[in-house]
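After this come two complexes, each holding chain A, first together with chain B and then together with chain C.
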Partner chain A sequence: MRPKVIISIPIILWIVGGAFGQETGYDIMKNALNRTTIQSMEADLKLILQTGTGDTREREIKFYSKTDPGTDLTKMLMRFVYPQDVRGTGFLTLEYADRPDDRFLYMPALRRIKKIASSGSGGNFMSSDFTYYDIGTPELADWTYALLREESFDGIDAYVIEATPGTSQVREDTGYSKIIHWVAKDDLRIYHSEYFDQSGELKKRLNVEKFERVNGFPFATEMVMHDVIIDHTSRMIFENLEVNNPIPDSFFTPRMLQRGL
Partner chain B sequence: MMRKLLVMLMLLLCAGVSRLRADVHFQGFLKSFAGVNTHQLTSSERLYSHLQMQISGRTGDRIGYRADLIGRYNYRIKDRTEALALYPAELYVDYYGNWLDVRVGQQYLFWGRADWINPTDVFIPWDYANMSSDIEDYRIPIPALKLSIFPTSGHWEVIYTPRLVPNEIPTPLIASVTDSSLGKSQYGLRYANDLSRVGWSVYAYRGWRKYPEVRPFLQSLDFPYSELTMLGGDFIFPGEKWAIKGEGVINFSSDRQGDDPLVDNDNIHGVLGVDWIPGQDFSLNIQIIVRHYLNLDPEAERQAIQDLADPRIAPTTITATNYSFSKLIRYNLTNFINLQSVAVFNMADEDWFWLSFLNWEIADATHLTMGALLFDGPPGSDFGNSADADQVFLQLKTAF
Partner chain C sequence: MQRYIEFVLKYPRSIILVIALITLGLGYANRYIKMEPDVTQALPQKIPAKRLYDKMGEIFPSKEFVFIGLSGADIFTPAHLQTVWDLTKKLERDGAVYSVISPTNISLILGTPEGMEVRDILARPPTSAAEIEQFKADLLNSDLALGNLLSKDEQAFGIMIFLKNTADVKAYVKALIPAVEEFDSQTDLTVLLTGKPILNYYVSQGMQRDMAVFFLSGIGIIFILLALIFRNLRGIFLPLSVVIFSVIWTMGLMALLGRPMSHATEIMPILIMAIAVADSIHILSHFYHHAGENQQPESRAITRITMQEMSSPVIMTTLTTMVGFMALGTVGAESISELGYFTAFGVFSALIISLTWIPAFLVILKIPKRYQHQSKHHLVADWVETWGQFLVRRQKLLMPFIGLVILISIWGITRLEHSFSSIENFPEDHPVREANDLVNRHFAGTTSFAIMIEGKEPNAIIDPQLLSRMDELKQLALKMDHVGSVQSLADFIKRINKVLHAEDPAFDRIPPVQAQVTGTEWVEQDGNWVEVTKTYTVSGRELVAQYLQLFEMSGKPQDMANLVDYQYQHAKISVMLNTDQQSTLRAIDAELTRYIEENINQNSQVTAAITGMAKLFMVVDELIVKGQIWSILTSLGLVWLITWIMFKSPIIGLLNTIPLFFALFLNFAFMGFSGINLNLETLTTSSIAIGVGVDYAIHFVHRYRMKLRKGMGYDEAVPATMREAGLAIFFNSITVAAGFSIIALSQFVAIQEMGILITLTMLTAAFGALTILPGVFLVFQPKSLAR
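Moving on to the complex of A and B:
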């Protein structure tokens, strides 16, 4: 299993359909995942974390990613902008075909770059309710897809697709026993998902609240993940999104990570 | 007084420039710290407020700069002019070339991949009188020239510092160290490769120990700083939920024959540890630390110290090989509260220290920290000497 890194987050939601004659969940997902065309991305990302009691914290991150179209390997660099006490903290991930990702963390308070464990794909992204797996692009072969039904949900005609792990390793790495996606029939965008933990209990609900047209495609720019077990919510908002701008490979290096904002 | 006025002027200049230039960034933090000695609960050991302001920016793609200026008011000093200390932390200019980065000025220099205990971390001193959660408190930046060279793979670091700055040690005996021991250069060279499966570095250093030797001299004590040559290396092998890392050096001291009881013998110093990160909310680091002295005759050194017959220099446990253990735990109790705990235990003297604190993010960029710093061990041992310095503390810090 090879989970993709953070910056492919909207890719899974950037489900672009043309021929809507699919009859199986696998066909729909295959069509969607094979239509992605993002090779680089820059954006400002805002995370709003909220507890069940209404206590909120904000995080603002500037991020950059680049995917090699030949190998499909991604490099990603991320810098904290807000809050001020962590401003300048940087995070670099480099994917490889034949070994685990390299991950580097730059902590300006310590003036050091540390090469760190990759923490697995089930770890939470920036202490939010999104895991690295949630915001990455799954390998199609890692999951088995079944079209459960077609229904109108939130006023949108949708396919309801159940994704189950293809192997016990996928199940263990992601922490999910299944994921159910609501996929809009008109443009195959995923606008709602429900995640079930290893015991089969509903753990999280994802609602995409805003799509924007980027290069002619619908792009999820605001989404909310609600952990129903601990009653904690994370809102993720993309701003100033730019795709397919040229970013040199030398940008995704520990040297640039340390250079800071 | 003149120095304080100059620093104040710099602060005002920084603030003014930051408002004029969009590519200049201005940030900082304000914190108040209260520490109480657990053996004297009625009086505060440390009580101060600390304002730190940082200005940083760039001129084009090639030049960067940074200045950190600190104002600290110590409430335990009655005289208000004496209570206020103003001093710079980092002050440097960067040049970014195609294959060369240069940093000139007062700066922090860190080497090593282990946690807390880094045998290769030899350039900058510690401020043991000022331990806290902020590096600006317990490490001392020094004037230096650092060249970072980036060939096609890996990178080189070449460091030169024109003077030795020793550790700050909270002992009245050491307080009388004079500047005559300064004015000594340090040189260092490092090659690192972080992009291989196993990240690794090799090091070479020529300079000085940061601890003085306590040497009887007529009716007083002299505190010379002895020469040190270090060759070392480190590595990290990361996995998905763990990382194995190690760091080791051979230190060549000025006592190559091992016959001076007041100077460390040549020694091998190594750290081997593992990070374990089972989930987002918990991480554990444990390390074993070994120091082995070469050419050491413990009985002869002990006898030589006794022959000095100076009550100010007490013989301590002398063993050829010393083992220590350290652990570092981070645990997120809730979304906005985490616990951190660090401890070191020395096997030879059975002395230890333990630092633990709760950190509560009470609002964006504002943290309340409360914790304890405890020492114990037999008299004469590293941590046993600080057994009376146990402390509980509370800190409120907000960044802007």
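Moving on to the complex of A and C:
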């Protein structure tokens, strides 16, 4: 009896897969990624970092961002609200098409703006396990996609898509040799991803624990990134999310950074 | 006693079967015996430094590290840097590794005119001369590098591998060593591997080698001795089986109780073997003596007589020996206690086996004709008798002789030094010692103290005053000899303070409690926002908090994790030392402790204390040395008590301890003159010597009293006692000393010394029993003996 069952499962999967397997990985990812209509965002961001031994560090940040729909370049301003000691510390990132990002830091105790030069975009966001790359919207064309399989994962029917860097530059910049995404079949939300480092080993697991509908599309508002190599976890929670409120460009300037909360 | 002997005589086959089955069972358990080379593992929790060390392991992610040195004539070449780069990447990938700090992977924080720059020291291995120049300059400019990642003479790179506290360190090291050896064969750089886990690995290897050598040489020597004494198969194989079985029983019990073999217990099997063989020699020689006396010897009758005579003395001497070992239990260090308890068990096993297995076989086996009417060779007996006569003739010289020995001994004892080094415990040509010596010469060192600062509340570490003290402590430590480097959170704060002030050296310090800051502010003037320069007073605490936030945002999460915890409640200062010589460690520890007590612990918000591997080692050593003094006194006291009961006289009990005092004095004097240090290994010999050595005195006193009771005079009884007891003592001490001398074949210096000392002490204890004891009898003529 038993061997028959085992043999029959792959056959059924193959039949089911064959019937709907017309879409390519690229098509799925294109539909999953290229539908955001978010041009600006305001939110209270809570970041909870946790070590393998269970020690936690909590940060609350007021978060603003604006993306130019034409160039797809993003400006981002963040200001610490909690803990009290660092309240008012601000951070501004400006993206350019032709040169590295500008990053500015404002430290209330120094009453000064400092420009931070930082090479590579693989840096970590606020010392979390998320890199700046992880939290940004990936450039569709940077990667090549392959539909590995379709499966039920975490009780959700999903496409399993492998993204590999299109160029060695992308690989260097992101630090990833591949990313595997689990994309829900029903609304094409990416609810789980696995990141592999340059040596090809699993480095991080991202689990999106909560989606909210923003402009009709699912938006990840609670995410947990687990670095399996150093056993460190970062939970990122967006609250009071407001999108597409008009924010003037002048808001994203060093001067505003210093003006305070 | 009689009933037991009859029982053995009645059911010899069943007894043989039972003993064989127990041995088989415990022999099987032997497969599960573990090795624990690290003496600090077993430190009791009541020791504050150990509690703190364990707590440190809970708070900080990594407490053990391995150091890899890569040295060569010209290390700054593209090929060599590629090698370091590749090796770093490879090491980082291991699941047991928390972080790797290597010359090729550190991040740099640099001040720029507009702000600051954060970048990895290398994006890829440098290839051009210009890139290499830049890399070298960056490396020399970073705080950590010199002494840690680059040797002081710039001839070697260093890579520090921090292991996760959850990692299986032994398994990691076991896999790392061959991997590094293979790597070594592929590069022209010399690869040096050191660090506590590596040392422990080689200790473990050495222990296994030692135990194999001890066991095989032990069997070899015992075989030869038995062959010389008995000249027949039974006389060889019966005692040999007792010896092997008692070792199997003891190791089996250790395995069943889950107790590992340690650096202290590695000598246990050979101790048991040497002591165990003595009992069976006694029994067998009596057996042959009686067999030789009879015209028609019958196994059962001869065995009965032998066991009736021998059971009591064998039980008594075993008891005193056990007491000596049990006294090691008072030392307070688990590995030494275990050595004591398990050796006592082993000696007890030997007793049980000697009293059952041997008579059981003696009953079954026929006595061959050739053993009958064998006249014993009395050559040695003649010698000892002559020695007895000599003592009687020269009794006037005895007291001056004793006085002289004591004086010389005291002189030697004043030269004693208390020290131990686990590196110098390896032979000089051992690769791990060579690697360690090189690394300690060129880098900051591989031994470390950790100063743990515990705050009462979270954020207690974010305190400019405390951080200044931490920095002062660092400067103080760096002035001491053998301190190679010191790392603490203060370094990061100083660095960021300087970086945010455009690398102005005046800001290479911890911000003051109240800092004057020149900043800018946006103010509204006539409807316009303008920037004006203003000077503010800000709290240093706020500055520090924001610096830390900046560092958090710029670095990797694990960069600071080993120096401060997530809540900023606990901080750790690492002090790297290039020696693990106990006496040096004690001096450094004392000075650091004084600073901490006077400057940090005055602050009510935090308490600081020293721990770390070096401290634990120090504590173990101090504990054992202090404990050993107690253990020596305890075993002397117990031996006195037992002999008091045995001879029903406190005075006679005291007389029994005289040869022991003599042996101990000579032992310590010998150590003083030969430069053998007092330490956890060498001190253990004393308690062992007491337990084993008292037998000689008991034998002598016992026989001497019998002679006096038979009406002999004090003078006359000495040569007579010599002829009977002296002979047995002479043979016994030679046997045991020969067995113990095998310990000197150890790979480890301290254990070799232990072997020399214990052999020497056996001989001096026998000499004491055969010279000092009769001397005292002759001079003082104690009345209680004749009663």
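Note that the second predicted complex is superposed on the first by the 237 of 261 C-alpha atoms of A that agree within 3 Å, B and C clash if a C-alpha of one lies under 4 Å from a C-alpha of the other, contacts with A are read in each partner's own complex, and residues count from 1 in each chain.
Just so we're on the same page, contacts are C-beta pairs under 8 Å (C-beta built on N, C-alpha and C of every residue); 3 or more make two chains touch, one makes a residue touch a chain.
Bear in mind that the values here come from a model prediction, so they are computed numbers and not experimental data.
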item: Combined model on chain A where chain B meets chain C, clash or fit; value: clash
item: Which superposed partner A:Glu201 touches (first chain B, second chain C, both, neither); value: second
item: Chain B versus chain C as contact partner of A:Gln169, first or second or both or neither; value: neither
item: Touched partner set for A:Tyr82, first chain B, second chain C, both or neither; value: first
item: Partner chain in contact with A:Pro100 - chain B first, chain C second, else both or neither; value: first
item: Touched partner set for A:Thr24, first chain B, second chain C, both or neither; value: neither
item: Which superposed partner A:Ile229 touches (first chain B, second chain C, both, neither); value: second
item: First (chain B), second (chain C), both or neither touched by A:Asn215; value: neither
item: Contacts of A:Leu49 with chain B and chain C, given as first, second, both or neither; value: both
item: Which superposed partner A:Pro254 touches (first chain B, second chain C, both, neither); value: first
item: Clash with chain C (superposed arrangement) - responsible stretch of chain B out of 7-15, 97-105 or 295-303; value: 97-105
item: Chain B/chain C common contact set on chain A; value: 49, 51, 55, 57, 83, 85, 104, 109-120, 123-124, 127, 232, 255, 259
item: Residues of chain C defined as touching chain A within the complex; value: 58-59, 61, 89, 93, 95, 98-99, 112, 114-120, 123, 164, 166, 459, 462, 500, 515, 517, 519-522, 529, 531, 534, 536, 538-539, 541-543, 545-546, 549-550, 552-558, 561, 565-567
item: Residue ranges of chain B in contact with chain A within the complex; value: 25, 27, 29, 56, 64, 96, 101, 108, 110, 113, 134-135, 148, 150, 155, 194-195, 197, 199, 236, 238-243, 275, 277, 279-280, 332, 335-336, 361, 363-367, 397, 399-400
item: Residues of chain A touching chain C in the complex; value: 49, 51-53, 55-57, 80, 83, 85-86, 89, 91, 104-105, 107-120, 123-124, 126-129, 172, 199, 201, 229-232, 255, 258-259
item: Residue numbers on chain A that touch chain B, as the complex places them; value: 49, 51, 55, 57-58, 82-85, 87, 94, 99-100, 102-104, 109-120, 122-124, 127, 232, 254-255, 259-261
